[in-house]
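In the two assemblies presented below, subunit A is common to both, partnered first by subunit B and then by subunit C.
Moving on to the complex of A and B:
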């Protein structure tokens, strides 16, 4: 359904835009119907930028994003696109205009997309949508954002997307501002939506969340894909040293930090150790490099070069060719 | 939403008091002159008479009716303040909103223009333009004041817009398919409505003061009277030294009351627009 192909984003920074900052470079993956793809990476890895590009809030510098084979930047009518693709952002408090009642987000949808629907029928639809995200309409309608909790606001935003009957939801860190008890509610809600055939691009920095919800996982590092594939493969058999160090850095529920082994959890040591391991990309057979910069080490499981010594001569060759 | 704002507006004492004061002066300026059958500059009474039943605010050194001058002065003061203030606010808001929301080269261009107008010695330019054109009407005076006093408003609005446009609710409005002008008008501007109103009040006040300065050096409208012109006449004919308080107190108090009431209105409006500041 949604396909990213060699997508990159370059920002002009400095006085008169003299320098270029590459936030995302050559990223390609797909999100199918009823599929949850999680985009995992640390702060500044470009994951939110990808989400924003899919939502057309940021322009793509290179490559293409297509929806059902149509380049999304060629869809002139933004409304037509937003009827199919919607987003929910990280900070629910900032998503509501503080001076208006919270249900104004629904009113905007009605005004822009369903001007012909009668007030009573619309009210019914809103209530249904709120109930589908397990909110009590009487409790949240007519309130101001500061009178509602983060979890309630976040679920209202999901209800807003539900009202539009979308096909793809970009969920940008939607769980990170919620406390543990509302977290699981929202996650289960996503599972319900997915069962209805909704594709979800789940942007997160939380590996355990990614593991919990997603069918496929894309690990980003410095704007590039480090590793991607079916979630069980990526988490069960990580091939890229960065993925391994990320997995090693997750705190365990039953281990206190004082008991944890010192090596392997600290970032630096893990990466140093990783340098000794063979690079999965260069170890892989030549024929397996089916995507630019990625080698297919198992069925659907792609991994990039770990930045090993083997990369240097190749880069030289590329430059010579250029 | 509108009814709700009205609901809180009518219950906000500051807003009501401020509005009443401004409205009283406005009505006095609009209707008052019609009730007086002589011109403000006519010599109708005894010279230097203190306030009395016949001449409520007394008379000037030359026997002109201060009350009549005050009413006519209110009218031209409101006129210059409103025209100059509205023009400066409109230019400032358009430039500020567009520069802040669009960013990029549009922003750089508009900021450059803003800075150029900002560093122009506005009063000197006004002097030259006024003297060169020989213009003597309130409207043209307001036009020049409006076109030179908008830059700081544009800069402040641009900065506010910058910080507001990166908020998620703006992105959410874009995801709802709302167009840019509507986003500026309905999402960004309401968040700074009290600030916009304050901007208008300050521009209104400064337009009045600039007009008074121009009047003082003989470049104001000569065919009518303004509160600033009254003050300056009073100063020129030593009203203070001669103890003729009735000549300079009404225009001074009038300007202070109008601008002060607008300020109190602004505080009240802030509470009406921002639910967090409501006391109920």
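Moving on to the complex of A and C:
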């Protein structure tokens, strides 16, 4: 459904825009119908920029983003595009105007997209959408934003997107502001929406959240894809040293960092140790390098070069022998 | 006993009345103990952390005492607290970016800070401590804007602990950081205790899995009161308060997937603290609530070092 092909984004920075900052370079992946793809990266990895480009909030500098084979920048009528693709963002409180009732967001949708629908029918639709995000309409309609919790507001924003009968939802860090006891409900909700055929691009920095909900995972590093593939493969058998070091740094409930298995070389961080391992990209057969800069190490599991500078590991071994 | 807090009450004054953000809190932190303080937003954990160092204008000390190393902290008296701040109690603020003066180089800023406290400045100790947190002494000649988020956080940590405080309060120090810098900052905190730079520590966080990595004990708060305190291992593996149980089981972990095991949140919301209902405050969301919960359960010891405020936690 959604396809990114060699997408890049260059920002002009510096006092007179004289310098260029490449936020995203050559990123390509797909999001199918009824599929949750999580985009994982640390700050500055370009994950939000990709989300913004898909939502047409930022222009694409290179490459193309297509929806059902149509370049999204060629869709003149933005409304037509936003009927199919919507976004939900990190801070639910800043998405509502505090002086209006929270359900105004639904009225705005009606005004803009469905002016011909009768009031009674619209009311029914709003209630259906609220029930689909597991909110009690009687409980939230007519309330002001400050009377609702972050989780409720976030679910209202998802309901707003559902009203448009969208096909793709860009969820940019939608859980990070929520409390632990409510965030899991929003995650389960995403999984339920997926079952109804909605494609979801789930942007997050939290590996455990991405792992919980997504079918496929794309790990970004400095604007490039480090590794991507089916979630169980990426998390169960990470092939890129960066993915490994990220996974090692995630705090877990039942294992402490200090309990983590230490390789023969006890010194150095996980990342340093991982760099001594052979680079999965250069170890893979020439024929498996099916995408630019990525080698397919297993079915649908792609990995980039670990930064070994070409054949550097082999040279190193040669030197050691000599 | 480094810190002992007895029946502490701190209320926020609002136009609609007083918000009882901290309502009768009694606990202690031993020498050398790192205590994780966990809770959701609105649980009172930040209020507790703040009241041990500085009450702001809206906060009112409504009762209770705080003792540190046998001396009573005059928490309601802003001026008298000056003697304790930075020397005895020190805070690492949540946003290190806003804690550093953007117009001063780090070294100069620290020098001014020490001069203001009447402490003779010397860069040797400062450099040694920067090294301890993995920073080179070059950072002293740089402006805050030239440092990354994780580096700034570590600079602030060094400054906060410069006078070897007895109690260090770390308020959500890792929340704004990436996972890899989170780990570095958390292990640095551990290093402060192990090197004897601080005696005990309170690590305030909403992330139980992170604080579990470094804390000896974890204290869980709910709606202005204490719910449970136990050694970190016990709290995570065998919590006794229904709230802690549900909270721990709602955390997604790496390896847990939606298809295999669907986690459940806690239905409902915490009560308003403006006029909180009597009795146990978790009652309305609690699956095991019964008549007796209309009465506030005591924060009682059910096993050595394991305290729970629940009638059913036997």
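The working rule: the second predicted complex is superposed on the first by the 295 of 322 C-alpha atoms of A that agree within 3 Å, B and C clash if a C-alpha of one lies under 4 Å from a C-alpha of the other, contacts with A are read in each partner's own complex, and residues count from 1 in each chain.
Here is the rule we use: a contact is a pair of C-beta atoms (placed from the backbone, for glycine too) under 8 Å apart; a residue touches a chain by one contact, two chains touch by 3 or more.
Every value quoted in this text rests on a predicted model; they were computed, and no experiment measured them.
When the two structures are aligned on the shared chain, A:105 is found in touch with subunit B, with no touch to subunit C. The partner that reaches more residues of subunit A, of the two candidates subunit B and subunit C, is C.
Legend: residue contacts after superposition of the two complexes on their common chain; A:95 is shown touching subunit B, with no touch to subunit C.
Within the superposed three-chain model, A:55 lies in touch with subunit B and out of touch with subunit C [touch as defined at top]. Using the contact criterion defined above for the overlaid structures, shared-chain residue A:82 touches subunit B, although it does not reach subunit C. Residue contacts after overlaying the shared chain place A:231 against subunit C, while subunit B stays out of touching range. Residues 40-41, 149, 178-180, 182-183, 186-187, 206-210, 212-213, 236-237, 246-248, 250-258, 262-266, 269 of subunit C are the ones touching subunit A in the complex. The touching residues of subunit A, when paired with subunit C in their complex, are 42-43, 149-150, 179-185, 187-188, 191, 205-209, 211-213, 231-232, 235, 245-247, 249-254, 256-257, 271. Interface residues of subunit A facing subunit B in the complex, by the touch rule stated above, are 52, 55, 57, 78-79, 82, 86-87, 89-91, 94-101, 105, 108-109, 112-113, 144, 146, 157.
Of all residues in subunit B, those touching subunit A in their complex are 1, 167-169, 171-178, 187, 190-191, 273-276.
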